[in-house]
Amino acid sequence: MALDKFQIAERIAQEVKDGYYVNLGIGIPTLVANFVREDISVEFQSENGILGMGPFPWEGEEDADLINAGKQTITALPGAAFFDSATSFSMIRGRHVDLTILGAMEVAQNGDIANWKIPGKMVKGMGGAMDLVASADRIIVAMTHTNKAGDSKLLSSCTLPLTGVGCVKKIVTDLAVLEVRDNAFHLLERAPGVTVKEIQQATQGTLIIPDEVPEMLKK
Amino acid sequence: MALDKFQIAERIAQEVKDGYYVNLGIGIPTLVANFVREDISVEFQSENGILGMGPFPWEGEEDADLINAGKQTITALPGAAFFDSATSFSMIRGRHVDLTILGAMEVAQNGDIANWKIPGKMVKGMGGAMDLVASADRIIVAMTHTNKAGDSKLLSSCTLPLTGVGCVKKIVTDLAVLEVRDNAFHLLERAPGVTVKEIQQATQGTLIIPDEVPEMLKK
Amino acid sequence: MINKTVNNVAEACAGVESGMTLMLGGFGLCGIPECAIGELQRLGVNQLTCISNNAGVDDFGLGLLLQTRQIKTMIASYVGENAEFERQMLSGELEVQLIPQGTLAQRCQAAQSGIPAFYTPAGYGTEVGEGKESREFNGKMHLLEHAFEADFSFVKAWKGDTAGNLIFKGTARNFNPNMCGAAKITVAEVEELVPVGTLDPNQIHIPGIFVQRIFQGTDYQKRIEQRTVRSK
Amino acid sequence: MINKTVNNVAEACAGVESGMTLMLGGFGLCGIPECAIGELQRLGVNQLTCISNNAGVDDFGLGLLLQTRQIKTMIASYVGENAEFERQMLSGELEVQLIPQGTLAQRCQAAQSGIPAFYTPAGYGTEVGEGKESREFNGKMHLLEHAFEADFSFVKAWKGDTAGNLIFKGTARNFNPNMCGAAKITVAEVEELVPVGTLDPNQIHIPGIFVQRIFQGTDYQKRIEQRTVRSK
């Protein structure tokens, strides 16, 4: 069965290693923080100016001066630091952030990503996404495998305006975990109960399938 | 009679206006702070990272963590701020500092200045001088009119490696106050008792002499 | 110290004219110069170019100046969550330049710092790079980006002193420090204006040299855009 | 929080090898990483390229590494007040690159920030501009300058916590913050190492992400180069 957004987040959390500074995009990526192992040390950076971001505040303790990049009220953990936007992107552009997790509307088999604009229809802007994808060494995309119309979001080439070129290394969808390299999607894992055939049908770009495709989230 | 270094500083202090942020170079410029009128508000910037620099500390109150760009122990006035070197040069390069006063080994009639190197002999480095002269709108040079060998330091063109090109606007020496424009030194004032002829003899570059040349430091 | 105090927001905004380019601090509704925005609306200046990370919401922040059609061009990185904005943009009434957030911040910082241009990898190979110079450094393509030029910068700080020294709070810092000194005139509004000598010189985020006018703001709403909480 | 603590200066300097490029904070003798310099001398690594605003004095600071001939190339802005330095330079034993102080700071900052290159007016028309690309912006000539590349950054802070967050004191701040995160590995030595949560997150000058190793230094001399005082 396809994963829900919490399970996608749970699977991505396995990619978060001890000592990582991590930037979480809006949406599913935000949920990843909830699933990171307790026995490792990780710090979350939000590009609006905090390192050491904590969970949402207790009711009544919200502070208008303390939000994340999704404009949600948050808390700061002991050891957190606040900084300005230029410093924030020094962390990102200077490759001090170890892992970037963000959503996408389309990913191409060469690693291109599109997630900021549908011409003539939706223009929210790129926010910090272009800086993040142009700079990060490790980029994981969290998204559904297909869009609401049922069309694949894993394409031979993107149709929407790009956010970055050749930058996506890994994708976790509701159906599968895939690695992007050598101009193809390499299937690594499948959602529990989802068949390789279903994944293949939902993938428009070139899909490389190994002999064995283990299930995700096996305990 | 030629001015001493304190009188040069006193004359330069007259160029300091209310509301100015001023960077003072090492040597005579440092003395200028002592002669600024009490009834105007001025802040001194030192490029090693302080705005609102105060006088030397009282004996026994020196702090190794509080120096000026000449490495002298100083104090911070109420309202002072400390900052890093990049921010310091943001102030300078970004033209937020209103007036720069520095010494020179040579100034040319086109405004070129040389003050950091005598090839094969003396190489102390330019410190912040190249940034200061390349950026400041108002640059005043404080120096003796001639060097120890008696040669003029106001030249048709500099012989030493340059610190900046076409940047000096005003010069205050022990003999005169001069404006630099239209590829010439324009004599504005003379030291008390110093004749125009003496100034002319001490000036190798083109000197423009008006009909009347008032004395400096007339009370 | 040089006194930067003005009496009120009207004095602080003196000289703002139609057709000018303004920088405005804030991220979403967090740390925005509420008082200055209110005064700009009252002044009725229009044909403005506004540089700000976001465009407010329909009825607050820069959304107020959109309602009254005072903005001709918006330069921002993210403009979601604003229906009127989207309508004006898609209809062509509003000119919009969307640029990557890090590039936006650095173009402000560059203006403050007298750096006319710099290279960044953000946006290479995308629409953002169209018509721009590109160049390879260390095997990677970069775009040449230029410092902004603006007439006024409006920023909001937590505390400030009469010499213009500023301290920001939490994530309300965001673009505010980078916009200080990045325009011809920087106007800072603060929640608390204190006498010179009150602030620790080690803890000042923006030294007063980057600020031309400072005043204590009033009636801050400090709206929360997305109230997310845990329940006990 | 991620723990950046190492036990001592020896652990902090692990991996430094002959021939490497090192950044060292400080202005004159103010805010220099005294412990790291001492350890570099003890290690005896040589053929070093050192990026630092100054070169110390004869018997302190980087002057110590000059005495022992461990430095091959010195990149600095001001090197006066050091006779041994002058001797080695004029005799050709020491390679020296003198660059404007603001350019030095910005090339560190650029390395920290992932900006490979930027334009500055400093040095145009002088020896410093020879062989460099120049370009006009706003009617004024500028030079293209590049981010530094270095193996280690050694900085000195006043207080730091185990997550690597740093606070500097007075003018001992200088180049230290700009060098953090500007090399592959940044080593911070502090006068006081405190537990996480002790420092106010609003007052941190350098967030821990820019620091890989932190330790509490010992036996600081904090020498004063020019003791200037007023007498009561």
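First chain written, first letter: the chains are A, B, C and D, and each begins at residue 1.
Here is the rule we go by: contacts are C-beta pairs under 8 Å (C-beta built on N, C-alpha and C of every residue); 3 or more make two chains touch, one makes a residue touch a chain.
The model shown is predicted, which means the values in this text are computed figures rather than measured ones.
S.K.: Just how many steps, at minimum, does a route from subunit A to subunit B need if it may pass only between touching chains?
M.R.: The fewest touching-chain steps linking subunit A to subunit B number 2.
S.K.: Measuring centre to centre, with centres taken as mean CA positions, what chain is farthest from subunit A?
M.R.: Greatest centre separation from subunit A goes to chain B.
S.K.: So what's the Cα centroid distance for subunit A and subunit D, whole Å?
M.R.: 36
S.K.: Taking the mean of the CA coordinates per chain, how far is subunit A from subunit C in Å?
M.R.: A distance of 28 Å separates the two centres.
S.K.: Suppose each chain is reduced to the average of its Cα coordinates; what separation in Å results between subunit C and subunit D?
M.R.: 32
S.K.: Which residues does subunit D have that touch at least 2 chains other than itself?
M.R.: In subunit D, 106, 113-115, 120-121, 168-170, 201-202 touch at least two other chains.
S.K.: Could you say which residues in subunit A touch two or more other chains, in rising order?
M.R.: 50, 76, 82-83, 86, 89, 92-93, 135
S.K.: When you draw the chains as points and link the ones that touch, which shape shows up: line, ring, star, complete, or other?
M.R.: Topology of the interface graph: other, matching no listed pattern.
S.K.: For this structure, give each pair of chains that are touching.
M.R.: Going through each pair of chains, those in contact are A-C, A-D, B-C, B-D, C-D.
S.K.: Sort out for me which residues of subunit D touch subunit B in the complex.
M.R.: 27-31, 53, 76-81, 86, 89-90, 96, 98, 100-106, 108-109, 120-128, 158, 168-178, 205, 222-232
S.K.: Spell out the part of subunit C that touches subunit D in their complex, as residue ranges.
M.R.: 106, 110, 113-121, 137-138, 142, 146, 167-170, 201-203
S.K.: Please name which positions on subunit A make contact with subunit D in the complex.
M.R.: Against subunit D, subunit A makes touches at 19, 21, 41-43, 45, 50-52, 76-83, 86-87, 89-97, 135.
S.K.: Spell out the residues on subunit C that touch subunit B in their complex, using ranges where they run on.
M.R.: So the residues of subunit C in touch with subunit B come to 1-3, 111-115, 161-163, 165, 181, 196-197, 199, 201-202, 204, 207-210.
S.K.: Which of the residues in subunit A end up touching subunit C in this complex?
M.R.: Against subunit C, subunit A makes touches at 46-50, 55-74, 76, 82-86, 88-89, 92-93, 116-117, 120, 123-131, 134-135, 161-166.
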